[in-house]
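Should a chain be cited, it is by its letter among A, B, C, D, E and F, assigned in written order, with residues numbered from 1 in that chain.
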Amino acid sequence: MPIIEMHMLVGRSVEKKRKAVAAMTAALVETLEIKPETVRILITEHTEEHFAVAGVTVGARENVSAVPLT
Amino acid sequence: MPIIEMHMLVGRSVEKKRKAVAAMTAALVETLEIKPETVRILITEHTEEHFAVAGVTVGARENVSAVPLT
Amino acid sequence: MPIIEMHMLVGRSVEKKRKAVAAMTAALVETLEIKPETVRILITEHTEEHFAVAGVTVGARENVSAVPLT
Amino acid sequence: MPIIEMHMLVGRSVEKKRKAVAAMTAALVETLEIKPETVRILITEHTEEHFAVAGVTVGARENVSAVPLT
Amino acid sequence: MPIIEMHMLVGRSVEKKRKAVAAMTAALVETLEIKPETVRILITEHTEEHFAVAGVTVGARENVSAVPLT
Amino acid sequence: MPIIEMHMLVGRSVEKKRKAVAAMTAALVETLEIKPETVRILITEHTEEHFAVAGVTVGARENVSAVPLT
């Protein structure tokens, strides 16, 4: 541990995801004072119809007035 | 928050899933007295070989006597 | 299925949580056209130090300028 | 309950996964003294770019010196 | 991997939980032909108010007609 | 999104956890080129009996020969 599950929208490049897991791991190694090999990260990507804020999926948002997408 | 992860079998239409996240969000807004934009829902769909009840995947069930699929 | 994991901050009453799971289940039964007994909901509550938005835990936010807490 | 989420790398056969969920369920039935139909297992498979140890995805590891892949 | 998240009701003894994780791990080692040290299991226990079937928490069920608790 | 679930052993100070979520968020903001307020982190802590490697809980490990605790 730590074991990290990261949920995000599909569409990012392999390169960006590799940088993200490297940077997150470095952040945990430094702040929690742990060894890198104790950090595991699992990524799950969700399509635009599989993430909703305020009851509206991202895929449906374009047709809807905008709540900031966070 | 709340942040909701919803696991279900693949195969439902976009329309049904949009209705489901809208209705779940409305249910939480009313019962927890929160604002809609605080509700996030992540859907993860599983194939019939990736959900098992009583040690038998849904995909294998058709060849097996029926435990009610819940 | 569906199987729902609901993450929220600690501090809501049993009564409110019972109403929330009943209402969410009813929402899914109606929109997905499923039987109520197929719906399972797991609640995980998080303390104010165990939920962060924009890199700041809820517990630390009071000392910080406000990003809307969603 | 129990409800089990199993994360693993993609690439195993249906046959192996069916055996795995059957064996895990039997293990829980025996050790927890529960009925098989109370055990639900959800499998989520991750690609080699979606699992990282020590900040390096499995897909990137082949180009890197080896930390044991556990 | 595999990484397992096991959700269950509170109340089981340490001894039973130790047996359960040992037996599940052995089941995976045998069926997936993997080394034991690749298997990680995370247990999350839920109180009776934090698990609901059919819209009713386990804690509320005693006052309600019985849907089989699975 | 991203929405991050971080599982770790109990026992770290509030200060360390605040630093960890701040550093992880900064890491994601930089590598994924996103706004900080889109990053949500949920921490779940597990006791020594609720995390097992190789079929042995951390709590039971002291009595057992050591597999490296990662």
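As a convention for this text, a residue touches a chain if its C-beta (ideal position, glycine included) is under 8 Å from a C-beta of that chain, and two chains touch if they have at least 3 such contacts.
Worth saying up front: this structure is predicted, and the values here are computed from it rather than measured.
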- Centroid-based (C-alpha) most distant chain relative to subunit E: A
- Item | C-E, D-E or A-B - pair sharing over half of the A-F contact pairs | D-E
- Query: At what distance in angstrom does the C-alpha mean of subunit C lie from that of subunit B?
  - Reply: 15
- Return the distance between the CA-based centres of subunit C and subunit F, expressed in whole Å. 20
- Approximately how many whole Å separate the CA-defined centres of subunit A and subunit E? 26
- subunit A touches at least 2 other chains through residues 3, 7, 22-24, 26, 37, 40, 42, 44, 46, 51, 70
- Message: Help me check something: in the complex, which residues belonging to subunit C touch subunit E?
- Response: 14, 17-18, 21-26, 36-37, 39-45
- subunit B contacts subunit C in the complex at 1-9, 12, 16, 19-20, 22-24, 26-28, 30-33, 35, 37-38, 46, 51, 69-70
- Message: For the complex, give me every residue of subunit F touching subunit B.
- Response: 3, 40, 42
- Query: Which residues of subunit D touch subunit A in the complex?
  - Reply: 7, 44, 46, 49-57, 59-60, 67
